[in-house]
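Please read the structure below before turning to the comments.
Naming follows writing order (A, B and C), and every chain is counted from residue 1.
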Amino acid sequence: MATNDPMPQKSLGDKLQSFPKSALYLALFVLVTIPLFFPVTLPNKPIEASIDFYAQMMKLPEGSKVLIASDWTNSTRGESMGQMEALLRIIMRKKIKFVVYTIADPQSPQVARDTIRKVSDEEVKAGGKAYEPFKDYVILGYFPNGEGTSAAINNKFLSICDGKKDYPLNSPPRDVMQSPVLQGVKSVADFKFLIVVTASNSSTVVLERVTKVPKMFMVTGVMVPETTTYYAAGQLMGLCGGVKGVYDLETLMQEGLNVPGPKEVTSEKYSEKIPGFPGMPPNGNGKGARYYPSLHFALFLLILVVIIGNLGMILSKKKAS
Amino acid sequence: MGLQYHDNGWIGIVITLAMVAMILLNIFRAHGTGDLYIRRIAGLNSIDEAVGRATEMGRPVMMVPGISAPVNAKTMQAINIFAYVTRVCARFANPILVCCNDATVLTVCQEVIRDVYQQEGLQDLYDVDSVRFISDRQFAFAGGVAGLILREKAAATFLMGEWYAESLILAETANSVGAIQVASSTEVTQTPFFIAACDYVLIGDEFYAASAFLTRQPVLVGSLIGQDWCKLAIIGIVIVGVISNSIQLMGGSHHTVTQRWNEGKFEGLPKPSPFNAGDTTFSRWLNPDPAKDTKIERPKLPPDEMPQKSAGGGQ
Amino acid sequence: MELFAQVAPKTFWNAPNSSTELLVKIFIGLAIGVALFFGLMAAPTQVRKPVLFTTTFVSGLFYVVFWLFPQPINRQPDDAPRNAMEGFSFWISDSQAVIADVTNIVAAFLIGLGIYSLLKVHAGRLVKQQKDWGFSAVLLVSMLAMVIFGYGDFIMRLDPANSKMAGSGYVGWTFWQFGKDLLFNGLLQNMDAAMFSIVAFYILSAAYRAFRARSIEATILLVTALIVMLSLMGLIEFYWGSSVDGLHLSNNFKLTNIAAWLGKNIQTPALRGIDFGVGIGLMAMGLRIWLSLEKTGGTS
């Protein structure tokens, strides 16, 4: 027989455990968006992995060559684009030539090309030298079979350059083997580093197969724990992880390492002074600096909702007992 | 001879071959032995429950073998598990939906699913469009599958294989429609997301043990035992290595060396140097550090086979 | 400056451009491919299993031999092998690049297979006006638009007269370039970013729903997660670090140091353990597939 009993009132504990999802999403949206419009500069202490990354790059002599696996697209631009920009700034200021390839996504070469062009334009505005495609860097393009390509890179690097064309300025596409960047390159060991900027498993694919060149990774925040196992074992010379890693690099580019100053960054591993590029872009306005406050607020909200949920659970249990 | 194991030296090859031998030995040993014990894996025990629930609700069972291009061992393992799930669904006459990220995965899935229906004598129930290709782009795939989950209101979802960022999108979407979820990712980064959002999760190599658990085929069970032997061997190597390194490093700063391993050979040091972790036997074995500049005198190719100079462009 | 076009040295797998040798090799390859194709189609059913087994085994055997056989030390492009062992090693090394190219080409052709499957399902749904046929129409129109604009843009950029398009700004851009830019940068890239952003919202709701200290282990997990998250917050870490700065002992209680200790001594070994298990499982699976010991689909 139907009854007309009113719905039992939700206890405080139950209410705390049943916030509507839309309210949570709205709170996250607001908290993450506010710092983007009202920039805040936060203090930062770079971690050793980022310091290793920066120090290794800064030790490269001018004119050396690095190989970059740009395995990211705009879906992870919050982290990967900042990493790529920081890397390119260091490379361009050290006048290092580079070769870019990708095994992750067909969109990646175009995304890399756009980023390189953008950073080069910013460097020119800041008084630096423009980086010309084909002359200072070459993009080999996308290789669908990542495992085979990585093995070929280790075994016979020039074989993957066969038939590849790139776009020089004011010139039709040309064979990459004619580029000054690849002159004198006979194997992957002729590069100083293989730097993988990735948000996918291309990091492990490269790690397993490319062994003749030192490697450094720039990965998204969620990949840091698994990549740290390789960094801790010495298989990687440096590691830049997530937005924190980007902000670390931007801090080091601004302050240098072991350079005396109000915001001096010191390291247990490196005792020598490694200068930064004070005053040069991004000069506190890079993606790391812009997104780091948003990360703060997002983490704060995450901690808050977990505490609220657990509080609700405790209150419910007390009421039930 | 001019040839070398450039990566881990000979020891990497020996360890790998030993592990292969252990697995193959146990595969052959398993033939003829009785039913061997495999511990309970909760996620796999719940397959019947999940399919039964879907049948009661009259809603489809969705299976997604992750994203991997092209098909690889991880995807094959996921498809093996899905074959079992499909067999259960076929017996209950429950509709299925398999969403593939890659064309090769699509063709393999279609073959396997059709074979399962034929083995059960239920060819008429097999719907070709139940196995479909969504997209090979990660988030287009995630969007497509999430949309299918919401529109079809899947009652049970099986998310197994190689997963990346789209894992949480699909898991939460399925959670929002009340689906019972069994998941497994070979990428440890995604396992926490599955644990937070799914009902049952196979962690690490429980995923590879699943086919042995479900089918009890001697080959698979033997392989599982061989894998366990390999893990024990690795544990043994780690313990022996720890003890060996500890003994060698016991001397502290009083223990010095007058020569150090560098680029494949011992080099004399100008003055004695404290013994460090890089000087231990295990470190030398596992880090062969081959010489980078070793010159090997080889004959040269005849002139007509050598690379030709040609005028390039450039400035 | 005269540049060195670094042409690949002659190997078994290549031949000089426009030479008779190249034409003969192409013809032989084509003949073998066609013969295999028709031969397999005409083969009786009982032959197919051995053929599959042989093909699988030989395909896998190459990479097994490539990995097992020692590689030549510091091989120069113009080096010739000194003996049979080194000759075999050179051949394996040269072949690997060719096989990588072949797999790249096969993988690229697989995109065609995917497009065929999409067209079959969605064109069928559109024609028969089945449920949700509107979505199918959107998919087909989008796919067609991307192909047309993408290909049109690519063809235009090959023309030497359009070389300025590669530079900054919109120099020389036409309808095709703007169309492709709208579809690629304006739509696809932003939709990708939006989909990935959804993960942040879902993490929040999943954490709110699932992270409960129901047991001692769960409580420990929550506390360590809290420490790691706080260590990522530079503001918190700065003030916490300033308050414990001073003695060497108290430095151990800085958030970054605690998080680093947790990462190095708890998380990394655990992940290594899982990685070992997964790696061995993957190797066993690969071995079973290579030796055709794996019965896909299982038995009842």
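The rule is short, and it goes like this: contacts are C-beta pairs under 8 Å (C-beta built on N, C-alpha and C of every residue); 3 or more make two chains touch, one makes a residue touch a chain.
The model shown is predicted, which means the values in this text are computed figures rather than measured ones.
Asker: Once you draw an edge for every pair of touching chains, what topology comes out, line, ring, star, complete or other?
Answerer: complete
Asker: Would you say B-C or A-C is joined by more C-beta pairs in contact?
Answerer: B-C
Asker: Can you figure out the chain closest to the middle, judged by Cα centres?
Answerer: Smallest centre-to-centre distance to the global C-alpha mean: chain C.
Asker: Compare the CA centroid of chain B with every other chain's and tell me the farthest one.
Answerer: A
Asker: Where the CA atoms of chain A average out and where those of chain B average out, how many Å apart are those spots?
Answerer: 25
Asker: So the centre of each chain is just the mean of its C-alpha atoms; given that, what is the distance between chain A and chain C in Å?
Answerer: 18
Asker: Please work out the Cα centroid separation of chain B and chain C, and write it as a whole number of Å.
Answerer: 15
Asker: Multi-chain contacts in chain B: which residues touch at least two other chains?
Answerer: 6, 69-70, 137-139, 165, 188, 312-315
Asker: By the touch rule stated above, which residues of chain A touch at least two different other chains?
Answerer: Residues 75-76, 144-145, 171, 178, 180, 225-226 of chain A touch two or more partner chains.
Asker: Give me the residue numbers in chain C that touch at least two other chains, ranges are fine.
Answerer: 1, 3-8, 71, 76-77, 107, 192, 195-196, 203, 205, 207, 209, 211, 271, 275
Asker: Applying the document's contact rule, which stretches of chain C touch chain B when the two form their complex?
Answerer: Result: residues 1-10, 68-82, 85-86, 89, 107, 110-114, 117-118, 121, 132, 135, 191-192, 195-196, 198-199, 202-203, 205-207, 209-211, 271, 274-278, 280-289, 293-300 of chain C touch chain B.
Asker: How about chain A: which of its residues touch chain C in the complex?
Answerer: 19, 21, 24-25, 28-29, 32, 42-45, 47-48, 73-78, 107, 110-111, 114, 117, 121, 133, 143-145, 148-149, 151-152, 155-156, 158-160, 162, 167-173, 175, 177-178, 180, 182-183, 186, 225-226, 228-229, 232, 244, 247, 292, 295-296, 298-303, 305-306, 308-310, 313
Asker: Using the touch definition from the top, list the residues of chain A that touch chain B in their complex.
Answerer: 75-76, 105, 134-135, 144-145, 171, 174, 178-180, 189, 199-201, 211-212, 222-223, 225-226
Asker: Using the touch definition from the top, list the residues of chain B that touch chain C in their complex.
Answerer: Touch list, chain B to chain C: 1-6, 13, 16, 19-20, 23-24, 27, 69-70, 73-74, 76-77, 79-80, 83-84, 87, 102-104, 106-108, 112, 115-116, 119-120, 129, 132-133, 135-139, 142-143, 147, 151, 165-166, 168-169, 171-172, 175, 186, 188, 193, 195-197, 203-205, 207-209, 211, 214-215, 217, 219-220, 223-224, 226-227, 230-231, 234, 290, 293-296, 298-301, 304-315.
Asker: In their complex, what parts of chain B are in touch with chain A?
Answerer: Listed in rising order, the residues are 6-7, 69-70, 137-139, 162, 164-165, 187-189, 292, 312-315.
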